[in-house]
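What follows is a single structure, written as structure tokens, with notes after it.
Letters A, B and C mark the chains as written, and numbering starts fresh at 1 in each.
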Amino acid sequence: MILLKKATWAFLLSVVAVSVSPAAAQDRIVSVGGDVTEIIYALGLGDAVVATDSTSVYPAAATQTPKVGYLRQLSAEGVLSLEPDLIVISGAAGPPVVIDQLRDSGVKILETEAAYTLDSILKKVDRIADLLSVREAGAELRDRIEADSRRMAERVERLGLSPEILFFVTLRNGAPRAAGTETAAHGVIELLGGVNSFAGHTGYKALSLEAAVAADPDIILVMSHHAERLGGADAVKAHPAISLTSAANEGRIVLVDPVTVMQFSPRTPSAVADLAETIASRADKEL
Amino acid sequence: MSLRLDAVSVFRAGRAIVNDVSLECVPGGITAFCGANGAGKTTALKVLVGALKPDKGRALLSNQLIDEIPGGELARRRAAVPQHPLLAFPFRVHEVVEMGRTPHFGRVTPADDAEAVLGAIQSMGLSELADRDYLTLSGGERQRVMIARALAQVWFSPEEGGARWLLLDEPTSALDLKHQLALMTLLKKLANEGWGVVCVLHDLQLIKRHADQAAMFKGGQLASVGAPQDELTAERVADIFDLDAPYDLI
Amino acid sequence: MSDAVALHQGRERRAKLVLISCACAAVALAILGVVIGPLQIAPIDLAKILIHQLGLTSASVSEVKSGVILNLRIPRVVLACAVGASLGVAGAAMQGFFRNPLADPSLIGVSFGGALAAVAVIVLGGAFFGSANALLGPFFLPISAFAGSLSVVLIIYRVSTIDGRVIVATMLLAGVAANALAISGIGYLTFLADDTQLRDLTFWTLGTLGGATWSRVLPAVALMLTAIAGMLTLARPMNCLLLGEGDAVALGVDVERVKRRAALLTALGVGAATAVCGVISFVGLVVPHLVRLMTGPDHRYVLPGSALLGAALVLAADLIARLAVTPAELPLGVVTAALGAPFFFWLLVKDKRREALG
């Protein structure tokens, strides 16, 4: 009986899918923002994507499309020159006047919010799936994200009482920038159940070396590509500001992959779960 | 008809660099300002030009306060050549001379302007250089171009009436002997035609030979005015220039 | 007599020819700017869009294409013309004002002064300037930038003149200081700015015409045209000013008034341009120089010539900016600096050689 019901549903859905997907397949989509690009590909609509921005690096197919530049420095006609039927824009895109120009262009446009919570990921999935009439794939993706989120919550629980976390987004040239509130990095800290040591500021701000030492966070997170540029995790540890912190001495410096963790895309919960795991294992080992 | 300073003082940093100077220059002759460096000659000349407003006293052109004469009218009645020309752009010589015609813009025909420019160029012996870039000229050549510009400015009698005036600050400083004499001869000729000429001159010989009136400045004050023959005696020269012994001009 | 007249007429004829050529180049590039872009639009469609806009036929071309032409390209081309002309004339006027051919609005900090004021308005916005903002509406940003530019002009002039003579080295060094100060100010405001505003700020230091929308373009263009028209009337007195202030006075020029106007109008032109498209460097340096090479230094030709060539140059640079990396876009300031900085080096070397010879 249950089987039958399932089969009926599957049939009905596939009819819907068949009747809808051709329309979707004809769409030419320009996708701006790593998160929305990832969602569109995850919904199985990658073939419709005719161009992406430079932050869209996953999946690999997205890197093969023409690039409309960095998402904060778009050119209106550049985007329109790809003759899109739909432009999907991440909340981080700009400059604002170009977004205005795109809104006025007459092309259908979907703007997602720049928010850094689990809900915001689900909301992005729902809106894109709705608009592109792939509700079934949307529901599937949603289920997967929710499952990952539950796994993430379990891992985060293992971290225990809210640790103080300092998140460096750059470490170059001895002038580190740390993440304040209203940033993706702050969102990640919250997902980890932590407290941002730099919460007194908004945005990404320069942090004096001494202040970093004085804050003495439990955990220091560093964007992995900046760490690589410095010469890996050991080089980060040896950084004059960081080497003096107890987090460094006790090995609680963790590298964060900016794409999977920080774009608040479907892969984020799983990546944060892994991150929590890493942090927890370090903490277990050292404490 | 005269150009006159009436009890003029100019103060700089609390010090009178021109102190209570009264002087009358009349057209038809050359008045030479003579004196040591810093005696106030150039400043007094600037007051006569109208480029500097006296702190005390009055500067008058034909009994009219110079301050109160509109800039354009004043420029049609008198022309001035400063000590150090500042032009740093590659104008052609004839274009520089043509700038002298600026105060006449819209008032005379282009043919008149061209005549004045050409006349001034020829008077200063610059015909060969007319199409040269000003910046490629020597210091003496530049000085002659600037004088030609002043000549072009007052080439015709002013529509407002009265004499034409030329006010020159050390016009011979960069000139060789030949051009010094040519210039003084020209100024003399113009004076004879009824122009008023006032110039700051350092060369006492030139003053003695060519000027009609010598104004002797010392320490910001006008020590004396008179015929060059009377003013440039060995004792007077020693006094004006603070020399230890009398100085005879040959 | 006929010699001088002939000389005069020869150069005048040549100068007029140069002006006409520059005007033709500007018009051709403006047309090109409307016709060419990342989005391919057939000339026939373009014609249909324009004819439709004049109300002669019903629409038959896609909304997107006509939107690109009418709301993206045309305002952009209009802005490019105005900005180029404005910066060109302002550069020429500034060089006359400082009596020095190395003065340039971006080099001596006038552009960044405007940018700093504009950034201050954006970041501090409502909190500080609420009532002025309400009063001036769309003019508020360009007028603030104008005020910023004007302050820099006055400071630089104050610092670099002795007895009315400009000390060139001091002027350039004061410009370095002014630029550093303005950039540090922008940096500080960047620190205060939130993330959304920050996206706006990157745009100021590397100018672009990408933000050309009618509502932003029109007020700024009105101010720039005022500045250009005003500066064109200063040609004759500015020629005299080149002789030195004493000489200009002797020629009957009201020097103080001319200087005041030149400073105000330059700041207005540069400020208004900076307010809509950020700092676009070197146009004010390169353009008057090229014009002077062709027409001679007479401002009666240099000023209009700089307007026309400036418009042509910015239109050309913007075409490069738009087409070089389609569908993305280069900042226009990058293109103009890439063209202008080597030119500046060349000027310095040329001057050095002349000094060595002279």
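Methods note: a contact is a pair of C-beta atoms (placed from the backbone, for glycine too) under 8 Å apart; a residue touches a chain by one contact, two chains touch by 3 or more.
Just so we're clear, the structure is a prediction, and the values are computed from it rather than from any experiment.
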Would you mind naming the chains that touch chain B and likewise touch chain C? none
Please list the single chain whose C-alpha centre lies closest to the global protein C-alpha centre. C
What is the chain whose Cα centre is as far as it gets from that of chain A? B
Taking each chain's centre as the mean of its CA atoms, chain A sits from chain C at a distance in Å of 41
Taking the mean of the C-alpha atoms as each chain's centre, how many Å separate chain A from chain B? 80
How about chain C: which of its residues touch chain A in the complex? 37-40, 62-64, 67-68, 71-73, 191, 193-196, 198-200, 202-203, 210-211, 213, 216, 322, 325-329, 331
Quick check: in the complex, which residue numbers of chain B touch chain C? 46, 49-51, 70-76, 78-80, 82, 84-92, 94-96, 98-100, 102-103, 105, 114-115, 117-118, 121, 127, 130-131, 135, 146, 149-150, 153, 167
What residues on chain C touch chain B, complex-wise? 1, 3-5, 7-8, 11, 99-101, 165, 236-237, 239-240, 242-244, 246-247, 249-254, 292, 296-298, 354
Where on chain A is chain C touching in the complex? 51, 54, 66-70, 72-83, 94-98, 100-101, 104-107, 114, 182-183, 202-203, 205-206
